[in-house]
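Report on the following structure.
To keep things simple, chains are lettered A, B, C and D as they appear, and every chain counts its residues starting from 1.
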Amino acid sequence: MQDIKAIIASRVAKEFRDGDTVNLGIGVPTMAADFIPQGVDIMLQSENGLLGLGPASASGEEQFDLVNAGGAYVTATPGAAFFDSVMSFGIIRGGHVDVTVLGAMEVDETGNLANWCIPGKFVPGMGGAMDLVVGAKKVIIAMQHTNKGKHKLLKKCTLPLTAVGVVQMIITEMGVLEITEEGFLLTEINPDYTVEQIRAATGAEIKVSGSLKDMTA
Amino acid sequence: MKNKIVTAEQAVECIGDGAVIMVGGFASIGTPEELIDALVKKGSKDLTIISCDAGRAGLGVGKLLRNGQVKKLIASHVGLNSEVAYRTPDQPEIYNVEYVLVPQGTLAECIRAAGCGLGGILTPVGLGTAVAEGKETVMVKGKEYLLEEPFSADFALIRGSMADQAGNVIYNMTARNFNTVMAMAAEHVILCAEEIVEIGAIDPNHVMTPALFIDSIVGGAKPCRI
Amino acid sequence: MQDIKAIIASRVAKEFRDGDTVNLGIGVPTMAADFIPQGVDIMLQSENGLLGLGPASASGEEQFDLVNAGGAYVTATPGAAFFDSVMSFGIIRGGHVDVTVLGAMEVDETGNLANWCIPGKFVPGMGGAMDLVVGAKKVIIAMQHTNKGKHKLLKKCTLPLTAVGVVQMIITEMGVLEITEEGFLLTEINPDYTVEQIRAATGAEIKVSGSLKDMTA
Amino acid sequence: MKNKIVTAEQAVECIGDGAVIMVGGFASIGTPEELIDALVKKGSKDLTIISCDAGRAGLGVGKLLRNGQVKKLIASHVGLNSEVAYRTPDQPEIYNVEYVLVPQGTLAECIRAAGCGLGGILTPVGLGTAVAEGKETVMVKGKEYLLEEPFSADFALIRGSMADQAGNVIYNMTARNFNTVMAMAAEHVILCAEEIVEIGAIDPNHVMTPALFIDSIVGGAKPCRI
């Protein structure tokens, strides 16, 4: 399980370019920060009002006014800046975040995303997710390929949408998929899986790139 | 000069039943717990709360929810309050509260619009989702935007790190969040600060909320341990 | 002439209430700050980004980054705050300025104001005037009653408007006029002038208050 | 980390003919004179300038006007530049420049709208005046607002008091004005600062423009004596 998360997070980190401003969702996306390649220097934005998000606080060294968007105690890096929520979402909606990485409940082949509620059951709210996926230059979904076998990559989302046609790339433990005019395109694969296994784990058609790469390479 | 410094009890005395109240903070960081406590004690009912979130179970707005004082909650996220996030079919409206969920950037911007005298905002966020239902859209240069109306309030309860006696406020780190903008959008703004200093003790370059927005100042805010 | 300005400015100052946030235009309006009654404490807002505007700088003591909205070196009072132009006009448009006092080229009996250009001749621009008169809770025009005998108080403005129906009060060296449903209402008079002189100096009908007061008292 | 520090000449090298450029400052306070000087030297033509004002005669934007580099000026006020304010019937367009005058709050807010991804603003300012001509109005809750479109630019030339090497900026006193918002609304932002300090030397609470907005940093800005 930890392996699966590490596979996803390490592949996500390869999408970052030197100088990028990046917003990472809670969970697997946040882990990507631990795998950033040498020579790539990015600034992490946290939508509660921080550019220059650092690692979680060491126990006993928490600063009570410094949390991340998940409400957990964190640190700030040298050169950080604090600002209010209006500025923070001005940065997000204004297209100043280069990459945002989030989890999802469902993604469909047109790039629609559902990740904010299960009606009548679990309704935590969208928080900053709708702003992030509409505003960021590149939207990457990082998640396990299925929900305990249940399809999350679909022909059409069934849950309430977070946004329409915003997802560009999906990174799972099985492979990397891009959203194209013709739907899901598998561009990289984890050699532990076969294309057939990925097809079986996906609720929509998948095209396979002519130059399919090893996502773990 | 008018004296703005009062106790928490005095500060919330004017908040009656049915009031619309903005509460600062994000995940209970930057939330004026002492003002919430005073409001719980006063017991005003049927409140409409506008806040980034629902606090945590028994923290921030969570205290008002537990105490049955809230009629309607307008927020972007309630997931950190375990008492609220899991709404099951047999418990559709926990605490009999009406929840209105708003994208966080839209919430911030619509509060700002009220504070800045704008008629609303034109945002691409929420188009094609449940958020857009029943709302007008406007085309600008061939692109569609959702028209979201301003959020104003009777009161704002905010929390600062340091304030001078006039009401100039400084916030610390991520505790700034919604406090600055809520101070602009409410009729009556009550600040709870950790430290109150003499006028002139704050560098005018560093002021984050100018004094004109603050009506009452309560001292003694404690660092919030979550 | 200095007397005339002082008469106007001192009467303007009586409109300020303790705790008010006030924006004063360049010229006679700015002079009102010198006549604020004892016990009345106001904060002056300057639209270039300052709350807590103080008197002009003493010669040789200028701070090069501190000017008023007229671009002249000024001081800041204790408890001042600096902010950017977006916040400054958020304050103005948002109705957080209690009183704004400006000069005018023309005011008409419906409260229309013209003070930003003379087409083809003098076109300095509106600067912050349009925002100020639309946003402020109370709009007072402080000016000489005529332009060297030419009417400035009119039935209908002839110059391009700054805003529609925004003026509440006009303070001149001759008297104080309020804009009412029935047009100009003279509520105070400078005893150096007669009502007939004021009528002759005004390009619209004037009603006279039943309780006409001495503006200099 | 990318090195953002360059000379003024290097910084403006990318500004070609026909560029749309925002220039910070109010009455020449907070205007990056050293960047303007470099742009005068480079001689780029047919520029569209978006600025609070026209500088002063021979100062700020006034230098570009005098040098015939400006095709169009979008500003709220040009009265402090004596060469521009008095446009007589026989001199209708001094320097052959097209002037677009915009209320100052609308100018600031429309620049912000571009920087914040909003489709425009809904403002009551300008209704019933020449400013509203040819523009759409929108009714919200029975009140009319003017729809003003966003202002964006290819470049912003701004001036700060202090910056760190990453590009976090602090402004002094009233020199902040339009610099913060212009940094948000232009594709490429060039900062001229009085002092450049090490990363970590600026308190993150005091940063007024976060580093992500700044592309190039030029040192050596001199205090502006008007």
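In this text, contacts are C-beta pairs under 8 Å (C-beta built on N, C-alpha and C of every residue); 3 or more make two chains touch, one makes a residue touch a chain.
This one's a predicted model, so the numbers in the text were calculated from it and none came from an experiment.
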Note the shortest touch-path length, in steps, from chain A to chain C. 2
Pick out whichever of the two, C-D or A-D, is joined by more C-beta pairs in contact. C-D
Could you tell me which chain lies farthest from chain A when each chain's centre is the average position of its Cα atoms? C
Approximate Å spacing (C-alpha centroids) for the pair chain B, chain D: 33
So, in whole Å, the Cα centroid of chain A is separated from that of chain D by 35
Counting only Cα atoms for the centres, state how far chain A is from chain B in Å. 29
Residue numbers in chain D touching 2 or more other chains? 109, 112, 116-118, 123-124, 171-173, 204-205
Residues of chain A that touch at least two other chains are 76, 82-83, 89, 92-93, 134-135
Just spell out which pairs of chains touch, all of them. A-B, A-D, B-C, B-D, C-D
In the complex, go through chain D and note every residue touching chain A. 1-2, 112, 114-118, 164, 166, 168, 184, 199-200, 204-205, 207, 210-213
Touching residues (chain side chain A, partner chain B) in the complex: 46-50, 63-67, 70-71, 73, 76, 82-86, 88-89, 92-93, 117, 120-131, 134-135, 160-164
Note: in the complex, chain D contacts chain C through residues 26-30, 52-53, 56, 75-80, 85-89, 92, 99, 101, 103-106, 108-109, 112, 123-131, 161, 171-181, 208, 223-226
Give every residue of chain B touching chain D within the complex, in rising order. 109, 113, 116-124, 138, 140-141, 143, 145, 147, 149, 170-173, 204-206
Within their complex, state which residues of chain C touch chain B. 18-19, 21, 41, 43, 45, 51-52, 76, 78-83, 87, 89-96, 134-135
